[in-house]
């Protein structure tokens, strides 16, 4: 960051400022352009997948895709060049995303049938998050993420319990309904149990026998009820954060620097010296 | 509002009072009549769309629609005439709604095939909110709106994250399932991902392959779990409002400076001295 | 209740005690028997509706239904006889339920095709609530009901807003999709909008056009998000009740009998006298 | 547990330590092996149910199933031998699960067509919970279970009310729609009502008449709204636990008797004197 003191790599540090920071006008401009190119590229991937549109504009799509791929390649190289520790960037989360965003088109030159890699191009969307991070638009989301992280273990236990319930109930339904009613195997029955418990309810598989419908009713009411659990966990976590944020003052002790005093406290809870 | 002092526009200010206010008997009567006419007009629009009913009563519907349109036109002119700043009303939210409510029928005189504008007539329903606003029936809803506004940014971040997840998972499903199982294009797969993640689950498109069903199960459990997030945000916001609003006064004891007195307290809970 | 002092209507007051109260062994026995007869009668109504079962056991079902109807008739007469103000009972909620529970079978004697009244017999299930009320099993549910009542107005505003949204979005979808894709009329489109917004998603009607699917996606995410609102309302109401119950001590002022003191209060908030 | 003092049953107490406890390396190793065998056995049960896979690998599956059954049998006998009160173990919850996990394969030797018992083998999954319990992985889930237990009665009342609503609305729909639209009997209509109220919405049965769709819309909005109730119950219960549990110690200042100190406080926040 403080690379401007070394005159040697001056163009590098300037490039770094433009690409990795958002404080200068050039940096902001770079981010806005990048944002639009990413959005265009994702819309391009979508349109390409629609058979009727693709047949008509195949040529244009191919050219546009090459333009975007080359733009992203230049950006990728610029990022590697301008950063102090290139390897660290290359193997970082966003570094890999950047690489996976450009590789499918290049591979299509040498191999046939790499269309399957098209999904990788959708990952470009993840790159938007980096831009948003720079601009602190996601300050709000950090509060959410913290609340989710704090309740991570409770939620893991909940998801695990859900899966065990679905495996057991799916097996029971396989026994009760049998293959003639669409429950052709246990994995398929478990899939049905998940569809039902989460109240999605496609209806591609539905119980036909009376016994099956009774068990299904039980699963539905269960699923309808236990949705309360993740909600309860996240809500109480968010409420706790809100209330803990509130009732504590931002003051730090003038004597021992302890923080997190209650709003009404007159003396430091750690060293006992007056806070006023 | 205080227009009654100028004797000149007396009939105007009276009209204004009737139309825009609800405190006088005439104003109340006007509102109740308007409420019923709006409801009738919306039910008329609905019935007209049912082919069997429309064929039978086409004539009656046409006459009724003209009657209502003329009534609304008179009301619209009266509103323009009686208000101080007509242009401000015309380009206000409700002014535009009022205009869009009457224009489709008049256009149908000159052009054929304006049936498509029928949807505009359903907007008349929005006019009910103005009447309710006058009568402060929606005092309750303002609390809700405030809580929603306070959590607006958190909810935007949440909706944006949902959309990104759906785009990526939709693309993956397009790769995994392919066109033969209904996932004919990426936009369609994204639509499916939204249907699944929000636990709606039409079943018009449903995964057929084992891989697709595993990914679908993951999306369902994800959707089932993260519904906790908007709920948690709104709940903690509403709870915070409730608790901050209620019970405690901002007053501090003039004797011992204790804070956090109940709103109805007359004496300090700590030292017993009068709070007045 | 204190009717035992008058020796005149002694058998009446005893009957009243057995039927309307649950404190004596006879009263408890009466309630348990009644509970089982009600459950049997409801199961009977259900089985009767299954064509295959009804054909086989038609005779038995007819006899059983007559036995239950006569039992309920005797109970109904006993209730009228034993109560002080018979008319008040007859026109009370449970009085009407009791009457509607027995009338269909008697009407079937005189009229043909009263099978349609079978639904009335299912109302017998509501009678269970009276028994539960007596035994204070529903003490818990009263807390729930109070929280619901307290948030009744907020919920009404919410349901009204939901309906308006569904009417407008339903009309828009009728315009966009048209009759060929199942959106044959505006009421049917509104029905679809409700099915989608509430995340039920039958799939009997599903959007086919791209425009329709985009609007549907919007409705789904809306429905997925705003479920947070009723949840937030009820939760904050329940939390408020919990916390108000808690942070206040059960103590009453020894001087002025004021109640609802904060747990930490040392002096009465109303008269200032010491609470200790 | 303190059986190591008696030299007589030394091998028994060692076996007990390995099987029932997780503190020694041998005990931990035993648990990890058991965990994997259980997972393998459940996956085996799943794969066996897929017709195509079963036809190909029938022999291998049979052998693998016998290996697992024998391993579980040895473990079952070891558990009986090593425990002090064998009968108490045999008739405990996990004892019965262990027995049911091995019996289907042995029965298949003597009887034909016991394939129906395959569902029992899925119960093996429940055995995972015992291992997790040992390792206190489920410490988190105990908080959840306590909150659920505390709100158990409220939830029972809620589920009972849901069932009564579904029975009554199901009967009404049977009357309104009739057998031609799929509502062939009252139990089937009740099943439909549960599918709708819980917002699952398979779509295998869907209302066709206008009256039916109006009632269905009502049920959907009801179901969409009352999901708030279990959520509210669990959330307020969890919040209450959080707030009562955390942050504040029960201690009062020895000098000024102030209460509500933070758990980590060493000095009174009001008078500054030491709390120790």
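What to note about this one:
A, B, C and D label the chains in the order they appear, each numbered from 1.
Definition applied: a contact is a pair of C-beta atoms (placed from the backbone, for glycine too) under 8 Å apart; a residue touches a chain by one contact, two chains touch by 3 or more.
Remember, it's a predicted structure, so these values are computed and weren't measured experimentally.
With B-D and C-D as the two chain pairs, more C-beta contacts join C-D. Residue contact pairs shared with A-B exceed half only for one pair among B-D, A-C or B-C, and that pair is B-C.
Chain geometry summary: the mean Cα position of chain C and that of chain D are 30 Å apart. Averaged Cα coordinates give chain B a centre that lies 41 Å from the centre of chain D. Those residues of chain D in touch with two or more other chains are numbered 158, 187, 190, 199-203, 223, 227, 231-233, 235, 239, 260. If you check the complex, the residues on chain A that touch chain D are 153-154, 156-158, 161, 164, 167-168, 171-172, 174-175, 179, 184-187, 190, 196, 199-203, 206, 210, 213, 216-217, 220-221, 223-225, 227-229, 231-233, 235-236, 239-240, 243-244, 260-262, 264-274. On the chain A side of its complex with chain C, the touching residues are 199-203, 231, 235, 239. Taken together, the chain C residues at the contact with chain D in this complex read 42, 45-46, 48-51, 116, 118-119, 122-123, 125-126, 128-129, 137-138, 140-141, 143-144, 147-148, 155, 158-159, 162-163, 187-188, 190-191, 194-195, 197-204, 223, 227, 230-235, 237-239, 241-243, 246, 264.
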